[in-house]
Structures are given as C-alpha cells and as structure tokens.
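Let me begin by handing over the structure; questions about it come next.
Each chain carries a letter (A, B, C and D) given by its place in the written order, and its residues are counted from 1.
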Amino acid sequence: MEFEELGIGEECGVFGCLAAGSWPTELDVPHVITLGLVGLQHRGQESAGIVTSDGESAHSFKVHKGMGLVNHVFSEDSLKKLYVSNLGIGHTRYSTSGVSVLDNCQPFVVETLHGKIAVAHNGELTNAMRLRRKLMRHGVGLSTSSDSELITQLLAFTPPLEQDDTPDWVARIKNLMNETPTSYSLLMMHKDIIYAVRDPYGNRPLCIGRLVPVGDINGKGKNNAATEGWVVSSESCSFLSIGAEYYREVMPGEIVKISRYDVQTLDIVPRPQGDPAAFCIFEYVYFARPDSIFEGQMVYSVRRRCGQQLAIEAPVEADLVSTVPESATPAALGYAQKCGLPYVEVLCKNRYVGRTFIQPNMRLRQLGVAKKFGVLSDNFKGKRVVLIDDSIVRGNTISPIIKLLRESGAKEVHIRVASPPIKFPCYMGINIPTKEELIANRPEFKDLAGYIGADSVVYLSVEGLVSSVQESIKARQDHENNLKTNKFKSGKIGHCTACLVGVYPVELEW
Amino acid sequence: MEFEELGIGEECGVFGCLAAGSWPTELDVPHVITLGLVGLQHRGQESAGIVTSDGESAHSFKVHKGMGLVNHVFSEDSLKKLYVSNLGIGHTRYSTSGVSVLDNCQPFVVETLHGKIAVAHNGELTNAMRLRRKLMRHGVGLSTSSDSELITQLLAFTPPLEQDDTPDWVARIKNLMNETPTSYSLLMMHKDIIYAVRDPYGNRPLCIGRLVPVGDINGKGKNNAATEGWVVSSESCSFLSIGAEYYREVMPGEIVKISRYDVQTLDIVPRPQGDPAAFCIFEYVYFARPDSIFEGQMVYSVRRRCGQQLAIEAPVEADLVSTVPESATPAALGYAQKCGLPYVEVLCKNRYVGRTFIQPNMRLRQLGVAKKFGVLSDNFKGKRVVLIDDSIVRGNTISPIIKLLRESGAKEVHIRVASPPIKFPCYMGINIPTKEELIANRPEFKDLAGYIGADSVVYLSVEGLVSSVQESIKARQDHENNLKTNKFKSGKIGHCTACLVGVYPVELEW
Amino acid sequence: MEFEELGIGEECGVFGCLAAGSWPTELDVPHVITLGLVGLQHRGQESAGIVTSDGESAHSFKVHKGMGLVNHVFSEDSLKKLYVSNLGIGHTRYSTSGVSVLDNCQPFVVETLHGKIAVAHNGELTNAMRLRRKLMRHGVGLSTSSDSELITQLLAFTPPLEQDDTPDWVARIKNLMNETPTSYSLLMMHKDIIYAVRDPYGNRPLCIGRLVPVGDINGKGKNNAATEGWVVSSESCSFLSIGAEYYREVMPGEIVKISRYDVQTLDIVPRPQGDPAAFCIFEYVYFARPDSIFEGQMVYSVRRRCGQQLAIEAPVEADLVSTVPESATPAALGYAQKCGLPYVEVLCKNRYVGRTFIQPNMRLRQLGVAKKFGVLSDNFKGKRVVLIDDSIVRGNTISPIIKLLRESGAKEVHIRVASPPIKFPCYMGINIPTKEELIANRPEFKDLAGYIGADSVVYLSVEGLVSSVQESIKARQDHENNLKTNKFKSGKIGHCTACLVGVYPVELEW
Amino acid sequence: MEFEELGIGEECGVFGCLAAGSWPTELDVPHVITLGLVGLQHRGQESAGIVTSDGESAHSFKVHKGMGLVNHVFSEDSLKKLYVSNLGIGHTRYSTSGVSVLDNCQPFVVETLHGKIAVAHNGELTNAMRLRRKLMRHGVGLSTSSDSELITQLLAFTPPLEQDDTPDWVARIKNLMNETPTSYSLLMMHKDIIYAVRDPYGNRPLCIGRLVPVGDINGKGKNNAATEGWVVSSESCSFLSIGAEYYREVMPGEIVKISRYDVQTLDIVPRPQGDPAAFCIFEYVYFARPDSIFEGQMVYSVRRRCGQQLAIEAPVEADLVSTVPESATPAALGYAQKCGLPYVEVLCKNRYVGRTFIQPNMRLRQLGVAKKFGVLSDNFKGKRVVLIDDSIVRGNTISPIIKLLRESGAKEVHIRVASPPIKFPCYMGINIPTKEELIANRPEFKDLAGYIGADSVVYLSVEGLVSSVQESIKARQDHENNLKTNKFKSGKIGHCTACLVGVYPVELEW
C-alpha cells in the first residue's frame, strides 16, 4: 500500500551538505544535495528547494525552488544557478491538500541584521498558533502558513543578551527551543555554518553522514581530501547514493554545528524531568525507507520483527504467506519464516498506474485500486492465503484486492496487519485522515473481516509493535551508550504512539 | 521605440476594484481587475498578481500570482480560484534584470494580529535601506528585496497609541508616510476596505474610476445597481475597457478609503513647507498610455505639444515629417502640423519580432533593431526626412534605422527628439541605464549627428518639456480647483525632472 | 481591424534559402529562414516548420516543426538540430478552426525512389477532391487532409517518360501543373536544389531575393562571398530583416530552379488562351504587409490610393479624418490628403489585449472589441469624424467603436471603407466567413449605417479598387517589361475579385 | 534490472476495444483503451496514441497521439476528443534513440478510396527495405520510417481481384501477409470492424479478452449487456485492470475479425512447410509482465522455473539467495526453493531515481546504478550471497551492485543469471546493443566473474531456458488442443532464440 492509498503522509525531508577542507571546494555541493533529496523523495513529493552559500558573504544565498519531484525541479540548468557553493541545505515537501503552493516551499530564507539565514525543517510545532500570535503582537506580519517561516522569524529576533554586532545563533536557537518543545528536526544555514537541531523529544529523525573521497569515474582522486565533507539528512538511506558513510544520529535536544573544520555538539536542551523521548513510531512502520537506520537499527529489521511478532500473536492455518507489494514485504517474509509457511508472490504491481483520471459513473471507476495490481493466479489457485499488509487505515483499499484474489481462485484470504489500528490524529507533522474516516473508529470495525471480505483479519498489538521496535538489544545498548557519550543523562528510550493510543508527548495547545 | 530598446522601464501598475451596494455582488470583481491590469500591462510585463477578499473574514484572502503577461497568468481556471469576492487588488510588475522571481511578485500579503492585509505598490522608497535596517533591528526577518514587503511589515507594526483589539489602519498608514516621503502610490486591502495612498510628492500616478452598470450582452440590467463599484488604477487608460468612468485623481499625500458605501478622503499628509509636488515628468514622455489623464490633461495632448514645441525650437528645411512608430507619433503629428510639412509614414512595424535569439558571430546579429521594421521606401525616396523619436537614451538603436532610410533612398535624415537627454539616475521607481551607458554622458554626444549618421539631431529643451506639460491653462485651472476642493492648500504644481537636471525632490539616503 | 476580428485569413507563407558559392556555407541558413518566416508571420500564426538539407545526400533532411509562432517554435536549441545545412525551406500556417494539428504542419516531406523531397505551399487546389480520389484509386493512402501531401504524392509519381535512375523533377512539376490550374505558390526541395513554382494564374505571390554579404557585427567580412545566397518568399517584406535585396517576382506559371550556381527559369506553363492572370486582389487590401512589393508596386501605395479614390467616390463634410489602427492608416492618410481634411488619431491600441477569455453572462463580455482600444477623446470632442476602416466583413466589430467615439464626444461619425463588400466564398486559399455571416448578404446591409450606428457608411467600389491597384503606370510598364523578358507572351494583367463579384478564374470542381 | 539499464527494449504494445450489443454503446471505449495501454506501458514509454470510430462513417476517425507516458498523453480533456465512439485501437511505443518523433507515433491513419483505416502494430518487418522500394517504385512517397506506414500503404493498395466499390480487406491483409512473413502482431480498424492479425510465425504476442459488465460503483448494472465488449491486446496483463476476462490467444497466422456481433477467424495463413512457430522467447524472459499468459502458461511461472532450472544447472554453497529487484524475483524465489536456501532481500529500490542528470567529471557520476538501490546490510552482513539477475547484457550495471554488497559486508557474492547470454542482433522488433557492446562477445567474457567482481557467475543454458518455457505439460496440451481447434495442422511449438544462437526463423533481407 502506498501512502496515497492510505491517506497518511509525512510532511518533509531535510538534507544539508558542507564541504570540508579548503574552499572553494571541488565537491559538487548542489549535486550532492539534489541526490540526497532524491533519496528522501518518499518523504515528500510536492515541492523541493535548495539554498546554497559560498560561505564568504553573509548576505548572498543562491536559491532554487519549484513544485514537483526533485528530479523535475533540479535540471542541470537550474543546478548551475546554485554554484559556486561550499555549503547548502535542501528540503522536499509532502503534498498536503489545498495549500500546495510555491510560497510554502522550503528552505525559507530571510535577511536579518546579521545577514541571511535559511531554514529547512521537518515536523510541526504543537504550539504554532500561540507563537504566531506572539510574533504578530510584536508587529511581525507573517506571509505564509508554514511553521518554517515561524521558526525563521523567531530566529531573526534578537534575544535580550545579544550585542548588536555579534549574533549569538546558539542563544537564538535555544531561545526557539525553549519556546516550543516539539516537533522539529531542522537545519539552519548562516554564512559558513549549518546548524542541525532536533527537538528535545526527538520526534522527527535527523542524522549525520561523512562524505569520503570516491574519486572520479576512472578512479582518480580517491584520496582527494578536497572532496570530503559532511552531510546531514532526515534519513540515512540518502547517504549511499552520494557515497557518504553513516556517522551518527543527532540526539534529541541536540544542537550540532557543522563547519568546514568539524562537527560539534554545542548544547543539548533537556526535556522536562521524567519525560521519555518520543521518536515517532510510524517512521519505523511506514514512512522511512527500509534501508534507513534509526537508533542503531535498520528499519527493515524492525518491520521483519513486526511480521514475526504478528505470526506469534495471530497465527493462521494456511498454505502460503504473501504481501501487498512492496512495503509489506519485510513483514510478510518475517511472518512466513516464523510460522514456517512458504512465502509466495500473489500480486504484481503496474508501476505506471499513476494518479488515475476520474469520471463519474464510469464503469472503470469501481475497479479502484485493482488497477494497480496484476494477479499471479497460478501461484495461489485453490490455496489458503495469508496476506500481510502494513496497515489498514480507511479500509477502502484492501477489499478490492481480496476480491481480486478470490475471483482468481484463492480458497481463503486471511489479512494480517503489521501495525496497530490508527485511532487518533497526529499534531506533530503527519497527515492522518479525520477521525471519522479512520476505519478503527467506525462501526464497520466490529466486523472488519466481513466488511472487507476477508476470512479473518488481525492487527498487530501496540505492545507487539513497541517491543518489535525496542527489543533489539544491540540497538538499545548502542543507543544508551550514545546517550551517555552525549551526556544526555535523563535519556530514556521512548516512542510516540499518540495516533494509536491517544496519549501525546506534550500537552497540546491551540 | 519601445522601452526594451531604450533600456528604461517603469516599475509597476496597481489596480483595485470594490463592488458597491449589497454583497455578495453580481460584479465580476476578479475579471474586472484582470482587464484593468491588462490596461496597465505597458507598465510591467514580468509578473502579475491578484488578491481578492469576500469582505467578510479578515483572515482569508484568495491569491493568484504568476510570471508573465496578465493574460497568461490569469486563465479562466485561475480566475475561478479568486471567486467569490467583493473586492480585490492587483499588480503588474516590470521585468527588471536579475531578480525576476516569483517571490517579488505582488500584491504582498501578510497576516497580522488583526487579520490579513494585502499591499500593491508602484514606486521606490528613497530611504528603503534605512527602513530595512530599522525593521531588522526590531527582529523582523525580511524574505524578499521588495519595497512592498517593507511597506507591509511597517504597516504590520502596532503604533504606540493603538489599542490591541481595534487596529487603526489610518494611523498606521500615516506612520508609514512619516517614515518615508516618496515614492509610492499604493493600495492596501484589509477585510472589506481598500485604502488608496499617494505619497506627499505625488511622484507616481493614481486615480479613481466609477463602475457604472453596463448591462449584459443583450442590454439587460443597464440599471442594475448590483454591478456598480469603484476602481482605482495607476492610469485611467484601464477604465474604458471595463466600462468605468474617470472619477478623479488621488491627490499627493492623500489617503483615500474605498468602502462599499463611499469613497472618503481620510487625510492628506502634507509635504515639508515650500516643497512643490514632484509628479514624474517621464510618465508624460514615455511610460503612460496616450489616452491616460494626469492632472486634468490627456497624455497624448502633452506629447503633441512637445512635438509642436520641438518644431519651434528646432525647425528644419525638409520635405516630410515622420515617426519612429508607434510612441513618437503624437509628437510627429504635432511637429508636422506646427511647421506645415506633410506627415508621412516611412517605417512599418513587424509586431511578431519578439525577443530575438542571439548567436555570436551571426551575420544576422548586426541587423539589430532593423529586424523590427519594414521600410516604406516609395514614401520617401529622394526626400528630406525629419524623423521624430520620443527619446535617444543610449544611442544604439536609432543608427540602424537611419541607415535603413538612407539605403532606401532618403536624401537627408534629420532627427528631432521630443524629450531632453537623460543624464542622471532615478531612485524613485524607474530603471535607467547606468550613467556610463547614457549617450548624453558620453564623448560621442558632442557629435551625436555624426555618431548616429544623421544630418542633424536636436533634443527638446527641459524648459520646452516643462512648459509643454504645464502650459495647458485648462489643465492648470482644473487642477488648482481640485487642490482647493481637497483643501490641499500648500499645493504647488511641480514635476520631477531629476533624471534630466540631477535635482531630486527629496534628499537621497543610503 | 485585425484578421481575427474580420474572420478572414490567409492560409500560409513560404520561405526558402540556398547558399551560393562553395559549400559548406558560412551562411546561417536555418537562422535566415527563421527570420524570413518571422517576416511572414502575419500570413499564418498556427504552426511553423523548417526542413534543411546539406545538399549532399538525397536521403537525409533535417526537420523541425511545431505549433505556435515562429519565435516560439524555433529556439536556439531547435535551430541547432537544423545544422549543418546549405539550403532549406520553411512554412508558416494560418490558424484555421478545427484541424489545427501538427500533422498538417508543413513543409511536408516524403521519401521517394530518388530520395527525399520537401514541399511547402501557399494556396488551395481548386480540384483537390478529384486529385485525392485519383491518387487513392491508384492505391495511395493519404494521411492528412492537406493539399501539401496531395502535391507531394503527385510529385512522387513517376511520369511514363522518366528513366528509373534519373528523376526528371521538372517533368514531374509540369505534370502536377497540368493536373491542377490553381492556386499554389510552392517550394520544393530535393538534395541541392530548390524549385520555386507559381501557378499559371499567379493567384498567390512569390518572389526572389538576393542575400548580399553584410559582414559581422564589427563590419568584417563585408565582401565575404561565402555569405551570399538566394532567398525566395511569399512576400518581399521578409527580405529587409535578413539583409536581402529584392530581386524579382516569380511569374505566373513559372518554374524556377535555384541552385548554388544560379537562378534559372526552367519553363513557363501557360494559361488557357485568353485567360488573364488572377492575382488575389485581397493581398493588396488586407493580407500583405504594407512594405511588400507586388507587380512592381508597394502595397502601402495601393492602400493610400484606395483611400484617395474613396475620397473621390464618397466625400463627406467633416472636421477630421481618422483610422481604425493600424491597418487602415495608409487609406486614412490618402483620404485625408485628397479631401484636404486634417488627419487626427482618435483611437490608440492596447497591444496586450490578446485572445480574451469568455464567460457567459459576464458584464465585460459586451464591451467586446472596445477592450482593444483606448479613446483619445480630446482629439475629437465636438468634432465630425470620418473614420476609415479597411473593410467591414461581418459588421459586428465597428459598432462598439462608433459607440465609443460618440460617448466620448464625437459629433458625427462617418464610416468609409477602403475596400468593396465581400459577398462570395474563396476557394483559393482564403478563409472567409460563411455567406450567411457576411454582412453584405444580410438584410441589415440595406440600412448599414443605422445598423452599426454611423451617420453614414460607404464602401469603395469594385472599379475603384481595381483601378487603384492597376493605375500605377510605372508598375504596369515594369510589369509588362518583366512579362516580355520572360517570354510570357500571353500575359495579361489581371486580378482575382471572385469574393467581390462571384466570378472565379477557373471552373470550380468538387 | 530495468530495460534501460540493459539496453534492450521491446518496440510496442497494441490494444483494441469494440463494444458489443447495440450502438451507441454505454461502454467507455476510449477510457478502456487508455487503461489497457497503461497495462502495456512496460512495452513502450515513448509515445502513445488512440484512434476511435463511431462505427457509422468510414470517413471520420477521432485521433489523439502524444509523446510520453499514456497517463500523460491522455488527460480527461484529450479523452473527450475521442468520444462518441464504439470501437478503437491504441498503441504505445518504445523509446528508441534518435527518431523519437511524433511522426512515428501510432496508430497510423490513412484515407483510402473506401474510407479511413487505422493500423497499430508491434514487430518489425524483416523485408521492410524491399517493400519500401516496391511502394516507392509504384509512386508512393513515404513520409515516415515506420513499418506501420509501410503496412498501411500496402493495405491501401487494391489487389487485382477487387471490385472498385467493395473493398475486400481480408484479401488485402492476406496479400500483405504474403508479402512479408514476420514479424508483426497488428490491429487494423475500418469503420465498424477491428481486424487482429498475427504473423504466421507468431513472433509477437496478441490475445483477446471479453469485457463483462461490472456495474457502476454502486454495483448497479451488473447485468447491463450494454457494457459488454471485446478487447484485444499484446498481453493479457492489461485485462484485469479493465474488468476483462482472458478469452484466447490469436494464433500464428490467424486473421481475426472482431465486430459488434462476434469474434470470427477469417483465415489462417500457414508458414512454409516444416517451419516451426517462432514466438520470441524473450517475451518470457524480459519483456512481458509476469501476470501475462502466453501459450496457456503464466510468465511468472516460467521465470520461476528458470530459477529452479538454474539451481539445478549451477548450484552454489551459500547462506542466502537474493534478487536484483524487481524483475529477477520470480527466478530468485525459484532458485531459493529448489536449492533449499533462504530467500532474503539485500537491496531496496529508490523508485524516484529517474533519468539522472550527467555532468562530466562529477564525483557522483561513478556511483552509477548504485544510486538506484539502498542496501539492506543487516540482512547479509558476513553472509555468502547468491544474487539472481535476469540477464547480464553489457556487464556494466552488475559490478557496482556487487561492489555495494561487498562494501556492506557480504562475504561472497555469486551471480546466477536466469537467461543465456545474448550474442546476436534481433531484426524482429527488439532493440539490442551492437554486437560489440554485448558482453558475451567481448574478451572480458572469458573471466566474467573477475571482470564484474563476483566470486562466480553462471548463466542459464539455452536448453535450460527452452525447457523451462516448454516443459509445462498442461500448457503444451492446452496449446496443442488450441491448435487443433483452430485447424492449424502444421502447428509445431517453437520459439525464436535467434539472439542467443544466431539462427533466425526466416531468411533476412536487406
């Protein structure tokens, strides 16, 4: 199932790159950022933008933004506009309905008394409305509805302690973090520095990679330090395609300064006493690419463990286990392995079916999601099928698939869902259908199997999901070591499950 | 000669429309604004934008902007987005080199504590840098380089006297006008009101028109008061095409409030004692459409008078008078009439020659401006031609035309220019080539006739231009009466001739 | 009035260029053709195409075509595709309703046994249906509805006499000309030759120009014979902009061969005994650019003579003479001069008003053509105006103009039309509204002045038009000399007035 | 591996639809064809076209074609142009380098003496050059280089026996089939009939489906016979998405007539004595979608058998079996199952990596294909991996993948290729790299494992491939029964393996 089917969507991806060593660099900074954003494209397809700096002038950035996919927005021609640059940050944005306008396209740039700053962020401020009012009361007009502008204008404010001629960006960032507890992973660029910041709850991911010299196509320049550098990204999956190595996560509350000389932790803003971290558990379930690493573990492994856990929680007598391609495949392989049934493909995807035109009363309309799949009927004719899906959110997309399988000869179709039902809205950066649209809140949920036409349907339990995420001892240990290293003593592993259980990491404000 | 040839360009046109009578109106407000902007298209071809309001909510505007000509930006589809609306303001922007980006596209909209405001303006603030620094020192980050954002953020500020819950927009506008003396004609929309403001020097034009019911295509609804309304525009030339009648000019320093009930003068901000008004004299010479009315007189008439005056100042023995089409034609007809020579066409224009591709070393390159004209050789073979141009700014476009005429048989070619030479930069909203590019500042100017290949060349004198503009007694009287009516006692007729003589209406700041 | 208003339209323009001297040439053949087509853009705005050849291989042409204006279709990038070339032909096509598809875009190219041929033509075959059936009966499937494909397939046929290995293109062209008497001016390119052909009646124009070396932008290479060449064009107006000199017309029935060595008349196909030539008289009235030369006279001069003749035929007591800009201006100047009244401008054009969006019931709809004009009211308030138009075809565009003038203070408005009323369809390449749409065939025509709201309205007589076209003695003599030179003994001056009088130069076939 | 990586490409897909029952139909014929073409999109992404007919007039088709993907070419707006229609055919075309122009976009339409015909075809005529010369000698000019035009013009020819007024399309089709033995699967539409033809060797696929009433989105109209109809498609995979049922294959040499009344076999043109059928074996290996059915068997099953056969032919001691996603997955699952090793995913795909921009000297360049994949390193760290690929054609794409796996911790990487090496060109519709580019013909092939950096590499044998395709007894029996039913007595199962062994089904002509 794809996000568009599920009606659930991440808000954004952020990516930064800074060339190490002597400047001007030989590193193709704008190209690196572009490819980095391509690696984050699954986090947002609406618009993309890059802002670069030569690192010399605090007053001139190069900017290119546009609507659409990264590869569409950044042609060779538009990339030329971003050179010469030694550092830069980029952003890719999710297509939320209605306000998909270029104005909201990031990174957001403003001129301050001390030069220009650019901000790219992923997340959603839980107290945005209060902050907007505060700014407006101060006499600042806000030109967009985006949290990025809000963050940028808050950063443009001079805190009382600051001397007029020497901006104290760290103080300003801490000021911002004191104003708003969550949710944001953000990059801020000023002149020759990129600041990478993750909110104290660590709700959204952010990690750092190291660009190593790879040489040119003939292998020359493998030791060319002039092509070294740092990258910072929402997900580590974007590192491989640019020849970068995973370095480490930015910790919850951490303010990292990336300069041509090094990567430094400037400060770690703590959470209120006792509050656990609240990394979004749906990054593991849905959003992240399976090859990304969070908290020391690969997303793919968590998903496979979810499948294994599901096999323990909800076994079924059947002939084969299969997947709704492609995102449920790790869980399906985990389920199959755990219960000893063969893993078999029953559906193949037509990757050319895009946004399909809609015409009222059209006979083709009702075929719905089935248009996206071909059926491999020989593989399951007369068999009992366990079909693993990664979620059932609204319940309107799995029925046609079950119908397809039955009509093509499946004897039984049992649905197993590798995540718990979503019941509550998210206010931290994820688009979720309205409460009324969520199948888990509807009367049909009582007889869900009947409603969707399955022989049985079982979701993974919340506990099962949490333990699948947290059970990895190695991950936990590494992670705790990390926390110690970073002197983040109050650190407690924790994940936000608000959309499942309705308990939010911070009090919500309006 | 077109502006693009001359290298001189106006910055903008503004247009607003507000439906009178009961709301929701039957008036097609967005269509009216679109056509109004089409009528101002000569003032700016880079981008266009419209913001509309239903007049009910202070928090929701409808916005559409885009790069390119008005007709390109506003399709039927994009216009639909602007409905339902009872009022709105629009803007069309000149293509200045380099920063032609959507970000600078107006009207500029921000949200304030009291709802959204939209601002469209024409002009350039002479103390913009100081105001930018002031705002930034206050902690406001500026996201564009446009004066419109500056104006909007200044308006977003709460003046000390204002109570939190009741915005005093007039006080804010006056506050703004105290901060910056010139140059701006601006429209500001908030909820159900359009404020129309002209700076105390009246440097840029602004006038008001009344929409009278015209009925539909079958003549029905001629008395339908529901289609009445007010329009406000940089130039009156845009009124005819929307069925509006010229009402009056906005006076220098005047703040006009346009509501569904009436048009009121809220205040008139005076100039410093003794300062005359400083309406840009080049609006008459170049920028305005000939059918526009300024200060009670038609631009066309002024241009013809310039031609007549030129005939007095610089007569020449010749066989015929002609024009560089199309803008110099009124002056040519005036010149011909005054000196009793026949008016004859010698050039015809190929209106399909657009921005011509450029290829280095191409034989076609050097044909230059000649590509735009056909030569009507039978009309002047063996004759002595007086060719009237409305200006010679850089001197590089008239030579190929003279060459064409000579090669096609003209016996003599005398150039008469219906305006004085430009020698100084403008800081009030007009793009002028650099001092070095201006032919009047170059050594070739001493033998300009020789340089451009003419038998003689004479410019209109500054005094001649000023008297052509001011001599119209009727215009002067009407205007003075206007001034009295509006209690603008300190009113002195005056025109800015800074680019000709180097004396600016206000002290320039950096 | 523009063609779009009139509902009358030319079909096409053709343009060819062949470099003289040694090949590969230094001449920018594709750029020359592009600029040549820009000069013919008034003859067709729907689509444009260019086919070029290096002159070496008979089997490889370079082709680029597209919908829209020449400058839009031919960017620097698309022009690159047409190099290296030593000769080429191009075409620009009128936007006829309905079938405006790329398939019909010319030049048309086919491969024959002897290599590729490309054909560009202007005109319409009066016996097209019969020829289509003939070809189809022979087993040729026709892929478009265009006459160009028809002509090309007819040229692809081997005439009986031809030896298999040596194509006799002249025989084939003569064969084609025997099959169809009119109307066509066409260019055919094969390998290293351009054939220029005009039908025996000379219904459509075609003329030849000589490219002289102009040197580069620094004046170098003025004697560079390597940039010499030949051009051939529907109208001579396209010569000036490419630095070409007018050479001569292609005569009715003439087959001209243009090679790198010279320009030769291969043959002249005669008309049936007694038939006069039938050059379309509306090329003079409407279609051609005023600076074009036909039959030894400038179009502008003919139009001015039409105005003079109209002053003789239909004088009126009035205060001033004016024009509906821009096409009626030569006639208006002629009229004014003849009757001794001053020529004054009363309308100015908003050149940015394009295809205006249409919305049913919109108040703005009925303003109609008025949207295109501004009114120079000061010039005619209280005066009696004679307004010259170049035609009134459907009668629906002049009324709003008259209304505008009256409302702006004109005391009287007399319409004088510088051509006779159109009453009959054209089958030779011109789009004319249906008989029912033509005002001259409608009952309102009896009281046309009343219908359009004028004080009086008079058209030019057919005799007046013909004499204005033919009276120029110099033109006639030159032309007759031309005819003799070309041994075209049966030559009789003649013009097609079919749309005015209903008598067609050839019998029509269906 | 995708085709673009492999450098191998199918030429086309064809799809037709004809409404059964009373006309005008309620069936959305143009929408059905569009979705059918979307289901064939993997066979060609360059251009798409649809031609429809109302079935009443033989002279008017509705046509829409365009460059790009089906969903891009056919918007709701362009689909409207194709209504009202009761039948139609469509085409999707592969992007071959160089001649990707709209001119070659199919279906090809020509007007004949008996009305218009439209042709869509998949394949390549082995004697095209001879046929082109024959047509041109007859006097037909050919406007494109496509075989479709050739076929269409051959069909436009009247065979000697035909009476002028009654076209015998079957005789014409048979005439065509006698002229050219292979390779083509084609659809021809005339008025109210679609003819579906497969060449005598059956080189390209073609099959028929039945549209059954599905009712509207509310389930109404499930028995509405007015929405019944027939579809014909290159592959059956396009049936499911339009609610059609698989009916049967068109047999080699068969001419099928599809009318509103029924589906009839008009004739079966035999192959020369003794010649076996020659269905392209690479349809099974590469081109077809896995859910398509050829010769009674599912493509997916054949691919899995290839994997099983490969496990028998080339076993290896290892820890896990994996796939280069996505096309090699069936073979990988077959291999894993056969040799008892676990199937594990090692790569995940970034589906947003499109045509990546290329910049010389860019460090990112050399990352090459690696940009498309993420590595699931936790799944294989320290393990011996058998990686199944569906082919190695040029050998330049597998090396970076092997390098990625090794760098991410794979202990050993053994490559197993589920098809034999390609050594010879195809002249029947498949683009294959030049002989020199094919890795199997290069010196590196001797030590391929070393060259690509693998521990071992083995291809499937030709015999292994053929037996995997032909071993399915059920398939063979069904197929033979089919052959008998269709009286196709000379039928011998056979597959074209020309690109593997160099023996072509027919003698090649030039």
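Simple rule for what comes next: contacts are C-beta pairs under 8 Å (C-beta built on N, C-alpha and C of every residue); 3 or more make two chains touch, one makes a residue touch a chain.
Since we're looking at a predicted model, the values are computed, not measured.
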Shortest walk length in steps over touching chains, chain A through to chain C: 2
Counting only C-alpha atoms to place each centre, which chain is farthest from chain D? B
How big is the gap, in whole Å, between where the Cα atoms of chain B centre and where those of chain D centre? 62
Can you check how far apart chain A and chain B are, centre to centre, with Cα atoms defining each centre and the answer in Å? 49
Quick one: chain A and chain D, Cα centre-to-centre, how many Å? 38
Which parts of chain C, given as residue numbers and ranges, touch two or more other chains? none
Once bound in the complex, which stretches of chain C touch chain D? 102, 108-113, 117, 132-133, 136-143, 149, 152-153, 155-158, 164
Where on chain A does chain D make contact in their complex? 27-28, 31-32, 35, 38-39, 41-42, 45, 69-71, 74-76, 79, 213-217, 219, 221, 227, 237, 240-243, 289-292, 297-298, 300-301, 326, 329-330, 333, 337, 342-345, 348, 350-357, 359, 361-367, 370-379, 404
